[in-house]
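Please read through the structure below; I'll follow up with questions.
Chain nomenclature is as follows: A, B, C, D and E, assigned in order of appearance, with residue numbering initiated at 1 for each chain independently.
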């Protein structure tokens, strides 16, 4: 049991635990916080995988921007404890069961079929951020430009939807 | 098969002239009813005259198609604008163009709201029907087949009576249910042959370049047959007919009974038999049984109808049964009879519906019990009604007889049992027609309203006289028609089962030509027919 | 070293938990969070694969995904605010005007 | 490292659409005139559509193989462009009636169109994902565009939540495919091992994601709600644009990934069957016309999936056996888009302020009140019903043909049955319009005189429907070629 | 040969009359109408006479004289032409029809003078003449069938002439439908014949049939079946058991109609057809036997019913049925010429009787019940005299017509040995007994009507003799009824029976039972049998005299004594009731409740609507999945995911969809 493996398991446990608590926390704020935990854990895993740039972005954008946005909205709408209605029969036990089934299946399939990939895997040599940027601005310039429009749309949407009725 | 557009565009004109007419109507203002009616009448009459040109346009001494029009329409899959007329379709077209003006006149005063739309629909209906009769490309055929649906539904649904909407929807769904499967069948056939062109496929089958394996052929046959059987309508599929007829306005019923039902039997003759002879042969007994059930059953149900129009409707079920029987007996004579019966039924039943409609115009009911003793206030009308009834029950010298007689005679040649059962229909038709006639026209006038009913008006007289003359003519001068239909129907029969002359049959049955079936010690007719039937099905 | 499929399986589990959460949670915001959870799971998979195959594009994808997630978050939260305004509840089950 | 001109040319339509979208946004503070923006958006949409020809004129791959400019993308760009144009025209009067922010609307519309354009032209999954998001997010916003309407916002919410839920699946699918093949570029997956379960799973998840977008049962579940809640012109857009784009992507994926071989037709077989029935049966009892059309669009997605089953069935047939099936999909999408936009436009016009009159009763006696509208709507319905001399008929015909061609007789029969069921409720609308007398107050309502723009929409759609119903040749010659999708 | 070349003129004339009267007669005064009608018939009568004259100039090989005018139906190897034929048989029928028909037309002008619908009546009557002439002149079965159905139509119209009376309308309908039942057989007969000989022209067909050897008795060969089917038609038209029921009801029509159609001409069409097809029948002894037996039975049966009827026309009706039975008996035993001979004489005296009865009714003011008559002999002398002649004739008192014809029938019956030597004697006995009954009920009629005390009150009914227009035809017919039989008289002195001799070329064709061998035997038996017949006739007459003049109260007591039998007879053996109960009502019930209400409405339509219902229900279910709850929606997505994954990864779920292949 090497050190990285231990770290991996710790982080994995952290992530899963965060996810679970996201589910079981009754208050959105707590859910949000547990989600942040997950993200941080994932960031750790990225580092472990030698993708430090991604890890950084993960912390900054996700943990920083997005989650803050969440918390902000929760505060804005001062959402309280979520009420446990069960209007949806389907989403009760059967739903959860199905979800488990799906998850189990996907996980199992992957576990059985990633061996090929795994063979190729060896100690993560750090990917240089330069290569990354060249890739973004050369190979993927088109989608990159598109994302800019995407952001534009988002802004636009936020304005259109969230702005108060003009009196 | 013709080069590009040989023999002028008469057929195209026939198909699209009414469409042009209806477009013209659409552009008119909606409120000047008289003018609209006049236009409609002019258009339909002109159309009728055009159709008469067919008789000059070509001779029908051989089975192949005349006045063929052939042009590329859709490149992939190769669909052609392929029209043609032969002896069978010839008179059906003329029947259509003849009945349309009649219906126009018939609805002259009975249609008063949304007049424009009415005549537009009527003409569009004509377009669809004529298209069906003239198109030689499976795809084109199907196209017209479906096009005809909506105008008819509209006629029923907008200008019909109480339960019109139910009837209209039922009509459309019934027909679609059949035809959609036919579409699948058509496509299947295309995959097998690579063409939608009817004559080409026929040649393929004749020359043996196309051989369908029995199961597929049977399925295809059924796909087509069911669609047609619904239209005919054949026994278990007939229940849309009474509703449609009872609810439809007079003109609608006339077109429906006069022409639309024929599309079904026409389809059988034109597609089921030539394209799938083997399957047709195997299915024949079942079809015949259904047809016979239809004949007797329809007659019996008609017998007890309290509703005059429903009675006539069920009588159609019975009469069309004869046609189907005639087709699937695979005898030249019976086929001829079937074709003739189609025309005859179109006229006589059309006339009956017209008469019933005229009664409705006066009293606004179809209940027989509402009438009685009408012969006193309206003798002329009663006389015409009697003529129509007699024609419909197949009295010699009137149109109904020839068809029925030939069908039965022909059928008897190979299947004496079928013919014998079917012949019961002749008795029953007399029963229900005479009984209803008596209840409507004979006896004292019971209802106060009926005492003052007006006799046939000038316009009505005109219609009725025309119809009666046609009935009489078809009853006496049948050869005028049969000589033109003969070749075509013979051709169809030859495809299904080539007919041997009688003597040949006898010799094959091991008897000398001189002494036919009745030599000293001979089998009972049953045995003989079975033997001959076997022979026929060889 | 750590086998790649550990990561992938983990991502699968996280993804599944996201699905689970989506079904389980009632509060719209939490549901949205569970979507973010699923996206994170995807990211993990991407990174793991790219690392395993010595290809950088996997990480590029992650960046794109994060951007998209941000955009979605903006719009989503706007929509949530709108909804909260229109009917004073964040319970997704109470948002069922449109049915049948 | 500025991209080469050809690349730009090959992406020109999207760029133009986005450009005009931006323009609209920028001018929004300064210009108050609605017509200005309408014209602007119109120009933008048309220009983009025209640019499709430019792009089509420079075939080949662009941006290092991320996008492909071939007949396929040409066709779909034209299609979505046409949709955009029509929706702009249809929306104009609607926006005024409901007094909604028009600049933003058009901007979003153009961005969405751009997204669809990307989906139509991309050959790489990540780009596809971006395009998908571009169109989806715009759609989420557009769905909720009538802020003060609870229905609208609810539609927006549902669409957003479920949409991103599905997107997550799609994305995970991409991840797995990437894991299995080491690339996300569809044209570089040839050496991937088709048997790999990872790949299968990835494709399956992608199928789920796209299946959601195209409203394939049981992912269709969101469709009726969203379609009903969204502003009607937007509904028109949804039913025509994004669906077509999503189908385009699906088609491209399953056309070019070797691993997506024969046996996938099973999946499509199931989806198709489920979808057809879900749509038609659901529509059977609808009294809300808008919702009815929504269900019908599900049903039609089902029909298209039948063609997909045929496509995948023919996947192994290398000598262009699948070509007719492809053509069937494309032609159907075209005919269907025309009809749906026309129908929804009429619905939005009849709906009146606040979309009040949506139920069948409001359509009773429409034939007398507004003969033209009634006639047009019946034409569309008949096309949906698949009656001859309408484009819908040929569409259905080709799908039948494709199905029978692939020996999917039973699927064809199922489709036939569904056509009958469908016929029932389409007819019901026609019946109501023509054969029922309108209620007193309904008849009292003065005939709505349609704005010019709307009339243009109706004219284009109606004429198009009839024209393609009679002379489908040009379109067919375009889409019926083996190298429809460049490999 | 002007007329023989243009035979079509003969039937066409009445048709023209019918057309003219029918179309325009409505507004015309009676004078013009009846002059048109009588003119048309008379003309065709004289044309017929001319035709006959020319016919006698023909050389034997020119007979049968067939003229083809135009081809009516053509299909495949089937051709039915509008071909007319004249041979000896036709000549007889032609003269009877046109002659008697003309007389009756004349009579009608008087009888119908005060009726409404005068023009209609004569139009129908002429129409009937047309079809009847077609029937007798047709040269093939199909054209014959035209006349056959046509006369049916005419009789339908004429029976229903007083259509305001329900009974009349019913009777007309009944007549037509019962006839249709017969026609059903007739048609099948034609079909079978065509299948066997592939032609329906008499000449060709009989030429083909002649060389065939006769089918052994008791054997259902093709010809036997064909003949039986034809006979079925004949039975319908000529009111034989079991299809006789329509004829008595047919008396609802005006009396001249009863005389012309239901006594003289139409009802004998059946006999004519059998005689016409004698070639076939000669080859089918079984059929012959059936014909003979049925005929004999009918004769006896109808006669018994005739005994107790009190309606003067009903009595005559049943006597007609019975006489027709005689004719079939004749045909059945191969004495075709005898049958035709009786047909002719019967036409004379039965027409006479009916017309006289009509005159009586006319005199009594539409009273038909004999129980309300009596003692009329003084008041209406001529009517009485003529009618008495008729009675003598039918009763078979020599030397009147009936005696000779009936005698020759009995004779042939006595000789016939078809199948069993005793058959002949049985038939003879039955026939003889029938003769007894006949004379009884006829004299009963006379005595009840003309003798005894008046059983009506003079105040209401003032009896008056009929106009000339009615009496003249009576007189002529009376004369004919007297002399009509003398053609056969020479047979008693060993000389040839002229009538038989005349018809010989027609009937002598095949087996040769006619003439030849029979002659010798006949001569030996001639006198004794004739004597017997004469005595029976007298017996019958005397019985009637004794019962109805001497002891007028006797009949009542007798009736009371044989209560059951009497009632049975009075109700015509309850045959109508039987038919109603056994056929009509069940059929109606079946059609209404089973076919229409159950099969059509419940089962078929029920199924159709049921399917629609079912789909709607399912549709509602599908709608319910649209709960509007986003969480459920999410679950649906998951479900979908699982479905797809399952289909892709577990091949063994695919065969569930195996139908896809």
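The rule we apply is simple: a residue touches a chain if its C-beta (ideal position, glycine included) is under 8 Å from a C-beta of that chain, and two chains touch if they have at least 3 such contacts.
As the structure is a prediction and not an experimental result, all values here were calculated from the model.
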Joint neighbours of subunit E and subunit A, given as chain labels: C, D
Contacts common to subunit B and subunit D (chain labels): E
Chain pair with the greatest number of C-beta contact pairs: A-C
For subunit C paired with subunit D, centre-to-centre distance based on mean C-alpha positions, whole Å: 26
Length of the line joining the C-alpha centres of subunit A and subunit C, rounded to whole Å: 6
Inter-centroid spacing, subunit C versus subunit B (mean Cα positions, whole Å): 66
Intercentroid distance (Cα basis), subunit E paired with subunit C, Å: 97
Subunit C residues counted as touching two or more neighbouring chains: 8, 15, 18-19, 22-23, 26, 31-32, 48-49, 52-53, 57, 60, 64, 68, 71-72, 75, 79-80, 82, 92-93, 95-99
Shared interface positions of subunit A, touching two or more other chains: 87-88, 91, 95, 99, 102, 106, 109-110, 114, 117, 139-140, 143, 147, 150, 153-154, 157, 161
Shared-contact residues (touching 2 or more other chains) in subunit D: 126, 130, 133, 137, 140-141, 144, 147-148, 156-158, 161, 165, 176, 179, 197, 201, 224-225, 424
Chains grouped in pairs wherever the two touch, ordered by label: A-C, A-D, A-E, B-D, B-E, C-D, C-E, D-E
Subunit D contact footprint on subunit A (complex, rising order): 106, 109-110, 112-114, 116-117, 137-143, 146-147, 149-150, 152-154, 156-157, 159-161, 165
Of subunit C, residues touching subunit D in the complex: 8, 11, 15, 18, 22, 28, 31-32, 35, 38-39, 41-42, 45-46, 48-49, 52-53, 55, 57-58, 60-61, 64-65, 68, 71-72, 75-76, 79-80, 82-83, 86-87, 92, 95-99
For the subunit C and subunit E complex, residues of the former touching the latter: 19, 22-23, 26, 31, 92-93, 95-100
List of subunit D residues in touch with subunit B within their complex: 324, 368, 382, 387-389, 393, 397, 400-401, 404-405, 409, 412-413, 416, 419-420, 423-424, 427-428, 431, 434-436, 471-473, 476-477, 480
Subunit C to subunit A touching residues, read off their complex: 1-10, 12-21, 23-27, 29-30, 32-34, 36-37, 40, 43-44, 47-54, 56-57, 59-60, 62-64, 66-75, 77-82, 84, 90-91, 93-94, 96
